[in-house]
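What follows is chain A paired twice: with chain B in the first complex and chain C in the second.
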Partner chain A sequence: MSLAPIAATAGAVLLIVVARKLRDPLPKFLLPLATAILFLCFWQFAAEQAQYEVKQPDGTKRLVEIFPTPWSTLVGMQKPIMDGTLLRYAIASIYRVAIGFSLAVLIGIPVGLLAGWYLRGFQAINPLIQAMRPISPIAWIPVAVLWFGVKDSSAIFLITLSSFFPIVTGTMTAVQTIPLVYVRSAKNYGLGGFGLFRYVVFPACLPQIITSLRIALGIAWLVIVAAEMIAVDSGLGYLIMDARNANYYDRVVGAMITIGLIGIGLDFVMRRLELLDDVRWGFPKVNS
Partner chain B sequence: MNFQSAGAASPKVHVAGLSKSFLRDKTELRVLDDIHLDVRAGEFVCLLGPSGCGKSTLLNIVGGFDTADAGRVEIEGRPVTGPDPRRVFVFQEYGIFPWASVWDNVALGLHDKPRDEQHRIIRHYIELVGLKGFERSFPSELSGGMRQRVALARALAVSPDVVYMDEPLGALDSLTRLQMRAELLRLWRREKMTILFVTHDVDESIQLADRILVMTPRPGRIAEVLKVDLPHPREISSPEYNRIKNRLYELLGVSHAI
Partner chain C sequence: MKIKILLGAIVGIAAISVAHWKLNGTPRYMPGSPSTSTPASGEVRAEFTVGFLPVTCHLTCPVTSWVSEHSTSGTKFKAQRFTDFPSMKEALIARKIDATFMNAPLAIKLVMDGVPCKIVHLGHRDGTALMVKTDGPIQKFEDLRGKVVAIPGRFSNQNIFLHKMMRELGMPFDSMTIKELPPPEHPSALAAGAIDAYIIGEPHAAKAELDGYGRVLLQMRDAWPNFISCVLVVRQELIDERRPLVTELVNGIAASGEWLDEDRDRGAQHRHDAAIVAGKLFYNQKPELLDFLLTKDVTRVSYTNLKPLQKDFNEIVGLAVELQILPRQIAFEEYIDDSFSPDLATVDVPFDRLPDVEKVAAQ
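Coming up: the complex of A and B.
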């Protein structure tokens, strides 16, 4: 059994070497795949080191796992996958992030645009924002529970709070760094007030805003799990706490993997935004 | 000495006694000193000077983006208080918006016009600068010369009284620059614009301008006004062309024979 990881490692290395010889450049999926395989191998190997045998009363031996192997994780996740719990919990988590994140976008972008544009506004609110930004959202959990109770709204509040700061800071910086020539052009052509924001300030900032949204969504997803561990009774964070309390470590790890995969998915969606006609100009062309 | 004969009509652009200083390291740096200039309607005037002589600062003040410490700037007798769509700027680069298509860039000054008229004007000027077929393209997909055509179309679309150009061809390669000069002259004659054009390129000023105002470096003063009385297209090997060229180099304090 413990030869498997070594074999797999050798296989992964061989795969790269062969592909390297076969054609240049490498197929895009190959390196990530090799890394994933390697990771699974080391996980398997490490988990095996922590296994031990116990003699049962009837004389047979039983293998006890301290930490689940990849395979036992998959087996352990069978039930929550099959009975729909995992899907339901994932949807619950995504729903909370969607609501909380949307609220942060709706408040954060206008506040950021205005505070970035008007120096007085910036001077007024920036110190407060920068002072609140480093407070971990986790620290707000007791406050959230006190204000909103053990409900969805508690978790949503935490999401809104944690994604608001990167959005507002990113938007403010974006406005403050608009090249002067754009603003001059706009004023020259008679744009002012709303038109100036609509046709110049907002589109000029959009690439940086999208980058800040990407960061904010990452943080939101990070925080939802922590929030659900304490403040609600559904969702992937709740699944982890619940499984831990029942000593189902395979499910703890399974939920962690699910969270990671959904995180990749969310980031993928955000990256698609960078390809829109209106913002493509603001991102360097990467040929990946 | 610096006043130009205004003729019968009052000048389009009138600048008198204009001065400007900047504070740098707590010392006052005089960039413009007692500038007088007039531009008549329909005239193409070049401000020629070395880098750092304050010609861009002067243009920014005339255009209403900056203020002077002393002196007057008037358009048709009325003082300039700020930027105005009747007098548009064409910048060296990045003046057009990278997030907007050619069409949307040209639409910039037309947002309060009725849709039909907007479309008619945009179509007309895109065609006039030779960008038909590129309406949906983005600036990043265009060459430098084409981008500057977009900037020209955007400026012309608002039917401006005066166009201020701050080294608009400076970022182009030399061949494209020559093409764009010819293009600019064609548009100038067709649209009967008044142009105040800043450049440090001696040939550019002789090829384009009716009059050249030569500026001295720091503090910027207008050293001399040269009239270019040559018909277009201008022959760069003609004696008169070379006389002007020699005079300009002399005024700028450099020899063009290397």
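Coming up: the complex of A and C.
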């Protein structure tokens, strides 16, 4: 193992020890930084362990790197970053997730509200939803290709499908767990029908719906690699498949990191929704 | 506030949709095209989509596509890249593509399963190698006894070849562990020591050789001369209803094959060109890798003599049935229509260097 990762590991451990005792907000930035450094060191160490020398027929030796190091990943990502491919592909993936997730929201929330409110509706659709929910999006790929071909719509279908189930299940549960006192009070004040839904049921469910949206968006983003395994010709999932095909493992890892970073950004946006006045009552005040 | 969030979400989705459409909406791989490929008359050219994987077995597909895209007349052959055989097969079944290259036994199985399609031409000859570790102990096929060998899929001629060799050498079929692995995983699995050998179409064999950890144990050219891995499959309705178009495609593929082999004993400039264009624009692979395997030993893969012959396929089907890869015998005419395959003497190669190859090389 080379010296640099050992030194960096020691530095990161020291940073953790020191940062724990500092005043906020410093630990909030320093602790994740130290964890990231430790992760990079572990990665470097693992990659170095996987390297080995091979004796060539002419007697010379050759070092075989079977897994890219952090540095070789950075070097390998230089081209897709500089020529705009990474940005182009990130936009393609975000587009598919945005459309797919929006469709899941537009279908999932009304279905969940109705199924949660009407017992017979719940009895009718819940078994089907629970049966379909655990099916991996990869299993749906043949269906997606057969129905939608090899265009964006296939990938969007897979994303919609995977984010629909958490939304509908979360919404159904939210409706079913509304305290009865809310509904009775509203009825005492003469509310009923759509008004009851609009002013009591929906606002009371909103915090739980937002939590399920957050989970669903995470799943939608998680599914992007599987969704882009189908013959689309752009996107971060496609970049992974394509780089794997071409033996550019540095780009595979680089695309994985990009997916992770964008995932953090998307989760950040979703968490901002928890701060809305209408729903803030439903969330704990820590970690906001 | 809620309206603002809703509007923000709508505007955001609209913006990302426009950006995606602008950036990824059209293929961006055509220097000097497609404006140059639009006839002055404004006539709309027919389009025909052919599926391929980024392997050298399918090299005639990007060459044909590139030439047709740069031509001002005739049909435009669009090369649709896939990353795996199952998706290609499903796209063909769903009529989302018109034709595709695929493994010969898989194509025969499709016909047996009632998918309306036929093999009309071969993709290549040879172009597959059995690879082992450079400094490993395996020196001959018999040394694979007790070892783990990767194949690209059950319905592949590579699988059939291993069994054919075992039978010829009197080895029982269970004398080695055969594992199905996606082709791109083969070299890295060998490098990591997860497998002892692999048999695969190029460039995945050359990759291990070029990187130094793999050594060729057997070239198909020597072990099973005129080896067929992939074939060109066209949907039956196109064969029945659009014969001139299928003829044009097969002629284009045959001409591309003839062009690739035409000067292979005289510097192989054509193969250098193909390595640049296919590597950079269609395969997204290092052109050096393609160049290495196409030109270092020009007999490693061959693109002529691609008319499907009954005796070759009888042997493949016979072995496949014996190995229970295919459920039953099938008549040659049921899965092959060789009426499109031209005789080489009649193939016209209307180009020498690939269009815009210098521009692509400079990219």
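Worth a mention:
One rule holds for everything that comes next: the second predicted complex is superposed on the first by the 263 of 288 C-alpha atoms of A that agree within 3 Å, B and C clash if a C-alpha of one lies under 4 Å from a C-alpha of the other, contacts with A are read in each partner's own complex, and residues count from 1 in each chain.
The rule is short, and it goes like this: a contact is a pair of C-beta atoms (placed from the backbone, for glycine too) under 8 Å apart; a residue touches a chain by one contact, two chains touch by 3 or more.
Computed from a predicted model, the values in this text were never measured in an experiment.
When the shared chain is aligned, no partner comes close enough to touch A:224: not chain B, not chain C.
Once chain A of one complex is fitted onto chain A of the other, the partner contacts of A:12 are absent, as it touches neither chain B nor chain C.
In the superposition on chain A, A:187 makes contact with chain B only, not with chain C. Once the two complexes are overlaid on the shared chain, A:99 sits against chain C while remaining clear of chain B. Chain A is touched at more residues by one of its partners, and among chain B and chain C that partner is C.
Touch criterion met: A:278 reaches chain B and chain C at once. By the document's definition of touching, neither partner reaches A:210: not chain B, not chain C.
Once the two complexes are laid over each other on the shared chain, residue contacts for A:62 go to chain C alone; chain B is not touched. In the superposed model, A:199 lies in contact with chain B only, and not with chain C. Residues 277-278 of chain A lie in contact with chain B in one complex and with chain C in the other.
The touching residues of chain A, counted against chain C in their complex, run 50, 54-57, 62, 64, 66, 87-89, 91-92, 94-95, 98-99, 102, 141-142, 145-147, 149-150, 229-231, 233-234, 241-247, 249, 273, 276-278. Contacts from chain B toward chain A in the complex involve residues 63, 65, 82-85, 88-89, 91, 94-101, 108-109, 111-112, 138-140, 154, 158. Chain A makes touch with chain B in their complex at residues 179, 181-182, 184-191, 195, 199-200, 203-204, 206, 277-282. Of all residues in chain C, only 1-2, 5, 9, 12-13, 16-17, 19-20, 23-24, 27, 51, 53-54, 80-84, 86-88, 90-91, 93-94, 96-97, 133-135, 183-185, 187-188, 191-192, 207, 211-213, 215, 283-286 touch chain A in the complex they form.
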